[in-house]
Amino acid sequence: MIEASFISYISLAILLFSIGIMGLISRKNIFIIYMSIELMLNAINIIFVTLSKYFGSMDGQIIAMMVMAIAASEAAIFLSLIVAMYRLKHSVNIDDFNTLKQKDTL
Amino acid sequence: MIDTIFLILSLFALAGAIGMITLSNTMHSALSFLVTVFAIAGLYALLNASFLFMVQIIIYAGAIIALLLFIVMFLNIKEDKLKEPNRYNIMLVVAIILAPVDYLLFQAFLKMPHIGDFSTTLDNFGDVKMLGNELFKGWLVPFEAISVLLLVALIGSIVLARKKERE
Amino acid sequence: MDIGLLSFIIFLPLIVSFILLVLPVGMKITRNIAFVTTIIVFLLSLSIFFKFQLTDYMQFREFHPWISSYGIYYSLGVDGFSMIILMLITTLIPLGYLFLWKTKKSKGYWASMLLIQTGVTGALLSLDLVLFYFFWESMLLPVFMIIGIYGTGNRIFSTLKITIYTIMGSLFMLVSILYLGVAFYNEFGVWSFQLSDLVQITTLSNFERTLLFFGFMIAFAIKIPLFPFHTWLMQTYSNSPTGGVFILSAIMAKLGIYGIVRFVLPLFPHQYVEFAPYFVGLGVFGLIYFGIAALMQQNIKRMFAYSSASHLAFITAGIFSLNAYGMTGAAFLIVAHAMATGGLFLLTGTIEYDLGIRSISGLGGIAKKAPFLTVAFALMLLCIVGLPGTNGFVSELLIIFGLFEYNHYVGVISALTVLVAASFMFWLFQRAILVKTDNDVSKMKDLDIKEIVGIFGLAAVIIAMGLYPHWFLYKIEPTIQHYLVDILKVGIGS
Amino acid sequence: MRYSEIVYLLPLLTIALGAVVLMVLSTIKKLDIKKLSWITLAFLLIAFGLNALNFGYIYSVLPFSHTLSSMIVTDTFAGYFSSIIIAGGIVTVLVGSHYFDKSNMLRGEVFSLLLFSLFGMMLLVETDELFTSFIALEIASISLYVLIGFQKNSEQRVEGSFRYLILGSVSSIMLLLGTALLYGATKSTNIVQIAKYISAHSSMDMTLVITGGTLILITFLFKVAAFPFQNWSMDVYEAAPLPITAFMASTFKVAIFGFILRFVLIDFQELKNIWSDILFYIAILTMLYGSFMAVFQKSLTRMLASSSIVHTGYLLIAFVSINSIGESAATSIIFYLIAYFLSSMGAFGMLSYIASDDQLRVTYEDFRGFAHIRPYMAAMMSIFMLSLAGIPSTIGFIGKFYIFIGAIEAGYTTLALVGILATFVSVYYYFKLIALMYFYPSSEMTNVPSLKGIPPLIIAVMALLIVWGGIGNTLISYFPGIDFLIDTAKFAYQSLF
Amino acid sequence: MNSSLLAWIILIPFISSFVLGALYLYSISIKKINDTIFTFLAILAPITSFLIGVAFFLSLKNGATDYMYEPYTWLGVNGYIISMGFLGDKLSIFMVLFVTFIGSTIHVYAAGYMKGDEGYGKFFSYFNLFMASMLLLVLANSPIIMFIGWEGVGLCSYLLIGFYFTEPLNVVAGNKAFIVNRVGDLGFIIGLVIMFFYVGKLGFDYYALEDYISLVPTSILTIIGIALFVGAMGKSAQIPLYVWLPDAMAGPTPVSALIHAATMVTAGVYMVARFHFLYDLIPHVGEFMAYIGAFSALFAAIIAMRQTDIKKILAYSTISQLGYMFIAVGLGAYSTGLFHVFTHAFFKALLFMGAGAVIIAVGHEQNIFKMGGLRKKLPLVYSVMLIATLAISGIPPFSGFFSKDEILLKAYRHHEYLIYGIGLFTAALTAYYMFRLFFVTFHGKNYKQKEMHYLSWSMKAPLLVLAFGATVAGFVGLPEVFSQTNLIDEWLKAYSGGALHVEHTTEIMFMGISVVVGLAGIVVAYVKYFKYDFNKEIQESGIVYNKFYIDEVYHFIFVRGIQKLSRFISVDVDDGVIDKAVMSLCGGFINMGRRIGRMQCANTRVYAFFMLLGISSFSLYLILKLG
């Protein structure tokens, strides 16, 4: 039987992950969307670290650490794109960016 | 004891996360996210990942969110412009749709075969030495790949954020 | 690696066409070389005709691995049935060239014509189903080009229509071919798409066979075309340039029939027999339906389109009559109809070239200006009508025999063919060619010497085949009997 | 440690080195796009050559397995996909150099990013460790995000880039989550280890493994733009500069398939059937959606984008058909990828070459009467269209033939029929272009680049390859034909085990 | 004698036709050729054929057996063989003789009639083609070969009716003739096919058919008999397929004489006689045939009474006379029918040629009421026309009397009193309308003095020859009462249907009745028309003049009906239903695409939502699948 504490960590991760998705879809603000994605990454990190503890192996922690590095690099791209977008439209509303909408629809 | 700390930390994490996605001001939600990050860092500590605890605080709180806040302030965004009246409805819908996903994930972990042990750990588990050892022995390829990734991100952000292209 | 006669026949036009396309030569040289090529191909096929032995075996076999991982072979062969169509193709094409001689089309036109020839002969001679499909689809492209580039009217629409229509049909056939291949693999453990191999499949259930049968039949029914897949035909014919419609009507439609006999019959003899009543019915119905529809057409090519559809439906009825008369008659009518319809389209093309008119009401009084054309037109028309003394009669008579043997009532109804074609054809002849009207036909010129040689050569063959059909038929007799064996087996089995 | 094993890593390293070198060089103002493209090409050709060293036989090596912890596997499969990927890079550089040169927004970093992206893709197909796959995917994706949004004063480019970034990140996260689940289930992230665990514990509950695998599958489905994860692709393809679109549509898809095939074939051979029902419908819906989108498009880019969704559908047919009996389906994917690569790369490349001068939104109408101005280019374009439509005498036909036969062999005749339906619809939108090019008198489209230089040549080579791959050989013995391609695909497949 | 000469009888006119046609095409498009060459080539052919025919005749007369010549296998399918074969027996040689003889005379006549015509060469090409086809029809040794000739004559008829093809009416008439004939041919083919399947497999020449026909059940035989008779109806212009013949008069007069009076139209009679072995077995069909013939005779005669066009009158009289022939063959008296064919050929050809001469003379006017008083102007024509009119009216000793009388007698003896009555009544009508024509044309006053055209000798000579024939032809078939040997019955013994012995007094009584009836008709005509006042404006009208509106009814039912159907099929069904269905399927697909295209709304969150849905459905699927 799985220990209760283990499951509670996992549950927390799942909850955070879900909140991340909720934020992603419900919010128009690109910053918040970005943070939702970061939150999801964090949630997965919790899973990895929990598993690491559970297995008594360092692999999970190493992965979590590297995920942070990836998050950082994504942050760089995200933020620079946000800057570029803001320069173009002076808006952080993601719904304002819809030039690629399908034309010729009924 | 540990359970209490876990409970408090996870409550903070959840509250911060919920605050992040509900607060309408970018700055507020970023700060709310900061709470989550710190709570998660605490959880890492609880999970014997002492090095990660630091890394989490340094990278997330120190770098990413700081950068984010900096840019928010730099761009000087007027939050009043964004009207998101039905965001709670959407959240509700998304939550309902997410239910099977969560159920599945939860169920999967519940049914997980019992191959590990959560209570007993090595003393030095999660410290820098062990982590570094393991990192360079077993995870060289991802490590190098991450360096490439960071390089790409570097070039990318330069390219994207550079003010003018070619004179 | 030796290259056989059949390969030469198939690929010579292709090679010449590519060389001509790449070389910076003008239209005239392209045309002349193309013509010479077709003549060479004609001579080669003539040698096949004379070397052909009176058996039901596939002759002049060529067999080389192509995609060996799937047992796909480059496999060619000729039997009586394909030989007669091969002769037809190789004879008609140079003849058509004589008529297309003066068209001021670019060299792409002639190159496409050569490509079409490769496609049709390839499809005709392949014995591997994938190879057949390969050629079957490939021949569509040059036709697509010819109609699209050189056609008139709403040509782009009709080009897309014919392409999509026919590809739809052939894709169903492709699935059926693949299904057969897999069935063969499952049964025998090796891949093969050889016709002679695929006929040995025993594991397929009746239901599967029926579906596959219809998979094939849709492809061929669209190509022929049978009711109700015919609507592309009318538009395409009326918008096509002469060469395109000549090829479409005289040759490609016949390949649909050929495909049924070559592939559907041996592969699905049970279904062939089982569904024969429906196809005979469809054929006879089509004969009358299209025949009546042809009567009131205003566009001359559209009328011929209906006329062709009518005859092709009749041929279809013939091949489904399950006896030697119907089969032989169908084979013969394929030839007869190809010649006559081809000739008519060429002549119509001449009229159109001189006058630029396609509507019947815009013509009239041509006979006085162009007696040779009129005579040739009349001869072709008589063949279409099935007048005794032309091969049209022999074939129609045989099909009626066949249908009568199949079912007395159907046979009697099918005899209406003597009436159907005559009614609209003579009316057309009256209105478009003979009777003088107020229309200005002063620009009409008579046939020149090349065309006269071509068309009267054709007419001579038509009459020769009408007066002495046996000389042309005895070579395909063993083949027909061979096909009948398949049908007889069904009779024994059931 | 055998140093000779470095040979297997050389292509990857060459690409990485090239990327770094170009990064440095791009800061030098004196080097213009042309020169940089030559340098890039040199690196790519070297990498291609090094990759080709091991061509033609079955091998499977874990180079420096101790140091690298067996995380990199170089086998025929990887070599096959690497070749396509590098070739994609070469074609992109050759075809795109004209475009990059003409569109004065792009700078030298493009090549560096392109090589980084190639590096990521190659790593993706050469790694047998899931987390490394995730990183590789991120490298490739992030490079692409940047490449798409490179011209950041163009609204649509930035928008496309950002959309792709958000959705792509979410999909990558699914891969990461899936990795986490698999790690939780098997205590390892190595594909081979996971496979061993699965076969050793087949009696145990596999929910976690399957859920993890499903999440990875979702990432895959997103990246190849399968229904319902397809929406991004049309927007992004339209937004991106055309050479980048070509690169994404063909090369990236190849890399993703390389990754998922390795993962599924090694780990999920037995568990795969659990997905067959849902993948069955996904394949159908993907094809239908793509067909529905493609039929009414006016823009060629969007049409090709939607048609690439359809092609994903075909590939999914084969993906569904993978089962224990026969190797047709798996091999057919491998084969079809090369067919699709050639055709779509050619089509997009041609588009980018034509559009490079005036930066038009290339529509059907722009091609009206094109054949009369540029007959050879029109002929090549026709060949690409025919190949995409799967008309015989092009490699596209052989690819489809392969896919459908695999599907029928596995008992998915329905899928083959839907595939046929989609093909038949596709004839409409591909032939419409040919019709427009040939059947109208030449239009006023004057500003078309002439047939000069390398890009058209490379496109012509691809056109020839397409025809060659569709006809193969019967006349000349020992000259590689279709069988050669099929055998290569089979070797690649066999080297996995 | 070499039987291969049989083929030459056909081949000579055929070759002649071909050469003439080629020369004609050469002449009109490249270099003009003198008409004399055409004339020479044209006339040579029938005469040569005639001479060969005579040789065969003599040989047969001297007791030679039937000649059979089969040069090659025409068709061999499924082991059954149909040969291209010719049969020279008494019947066919008899037909050959009179066809070639009449043909030759008409050729000569035509040389004069067509002089200077633009299509001179073409005319003779067609004419010789007709001769060849007719001879093939006659000489064929199997029904299929006969059918080749059968259709060949139909084609020539079409070509010659539409000889002046620039005039719409001529071509329309030609088409009508061809199509109506084709309706008959439909019957012929059906009969042929059925026959082939029941007996043809044992051999398909007449001998074999005769041997094995009895194996066929009577019901089938009835069908075959009726089907073949439908063919004969078409060719021989019987009710209801007679409508083409009056219109066929649009062709040049020699055509009417040769084809539509003397030879082709009798092909039906010949065919029935040829299949006597069949019809002998099914007398009820024969009776039906006889009734059809009788009614045709009556019907045509009634119409002829009110016609004004000289050629139309003759055309209806032809139908009427053909009706007589069918009475005879229907009752099994084939030789009698053929006897009437024989005599009819002479006097009808003569009538037509005379009419042609009149038409030429008055400058192509065909309305008899616009002629009048031509006796003085055209004495020769007048006299030969008188002979012919008397012959057709059944006045002894002219030829028509004997044959017609024999038919009536046969009808009476077969106890077909109704037929007999109709025949007798028709005889009276015939005399009436023929003399009406005669009186109106030649007597009376010609109030319009017109320039008379000159008649060449090549036109006059055949008139004399045929006049002689019309006078004496009857003597080859003298009734028993006058002569012991009925030459026709003797020669065609196999076809005589058994001799009918009649009391001499009865026979004479019947002759008397016939003569009286004929004279009565003449008297009525004399009273009404001999002194006809031409100053009265003649306005013939009424139902009879309009031929009972049969043409209009046919036109409405068949032509209009089919045209409507055609338009319905091509416009309403093909374009309106089938094509529309196909196109709306395609259009619907594209519109569906446009609708679904809304999903590409370029909203990231929506896309993410779709993704979420996908993930969620995957999860649901797995939950369900894994339990």
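Letters A, B, C, D and E mark the chains in the order given here, with residues in each chain numbered from 1 onward.
Definition applied: a residue touches a chain if its C-beta (ideal position, glycine included) is under 8 Å from a C-beta of that chain, and two chains touch if they have at least 3 such contacts.
What you see is a predicted model, and the numbers here were worked out from it, not measured in a lab.
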item: For chain A and chain E, chains touching each; value: B, D
item: Two chains joined by the most C-beta pairs in contact, as defined above; value: A-B
item: Far-end chain from chain B, centres as C-alpha averages; value: E
item: Identity of the most central chain, Cα criterion; value: C
item: Interchain centroid distance [CA atoms averaged], chain B/chain E, Å; value: 104
item: CA centroid of chain A to CA centroid of chain C, Å; value: 65
item: Rounded Å distance between chain C and chain E, as computed from the means of their C-alpha atoms; value: 37
item: Between chain D and chain E, centroid-to-centroid distance (C-alpha), Å; value: 78
item: Multi-partner residues of chain D (at least 2 other chains); value: 131, 135, 138, 142, 145-146, 149, 152-153, 159, 162-163, 166, 170, 184, 187, 207, 211, 234-235, 296, 428
item: In chain B, residues with contacts to at least two other chains; value: 94, 98, 101, 104-105, 107, 109, 112, 115-116, 138-139, 142, 146, 149, 152-153, 156, 160
item: Contacts with two or more other chains, residues of chain C listed in rising order; value: 164
item: Which pairs of chains touch, using the document's own definition; value: A-B, A-D, A-E, B-D, B-E, C-D, C-E, D-E
item: Chain D contact footprint on chain A (complex, rising order); value: 17, 21, 24, 30, 33, 37, 40-41, 44, 47-48, 51, 54-55, 57, 59-60, 63, 66-67, 70, 73-74, 77-78, 81-82, 84-85, 87-89, 94, 97-100, 102-104
item: In the complex with chain E, residue positions of chain C that touch it; value: 164, 228, 230-231, 234, 289, 292-297, 306, 323-325, 328, 365, 367-368, 371-372, 375, 382, 387-389, 393-394, 397-398, 400-401, 404-405, 408, 411-412, 415-416, 418-419, 422-423, 426-427, 430, 434-436, 446, 467-471, 473-474, 477
item: Residues of chain E that touch chain B when the two form their complex; value: 609, 612-613, 615-616, 619-620, 622-623
item: Residue ranges of chain D touching chain A (in the complex, touch as defined); value: 131, 134-135, 138, 142, 145-146, 149, 152-153, 155-156, 158-163, 165-166, 169-170, 173, 176-177, 179-180, 183-184, 187-189, 234-235, 238-239, 296-298, 302
item: Touching residues on chain B, where the partner in the complex is chain D; value: 104-105, 107-109, 111-113, 115-116, 137-142, 145-146, 148-149, 151-153, 155-156, 158-160, 165-166
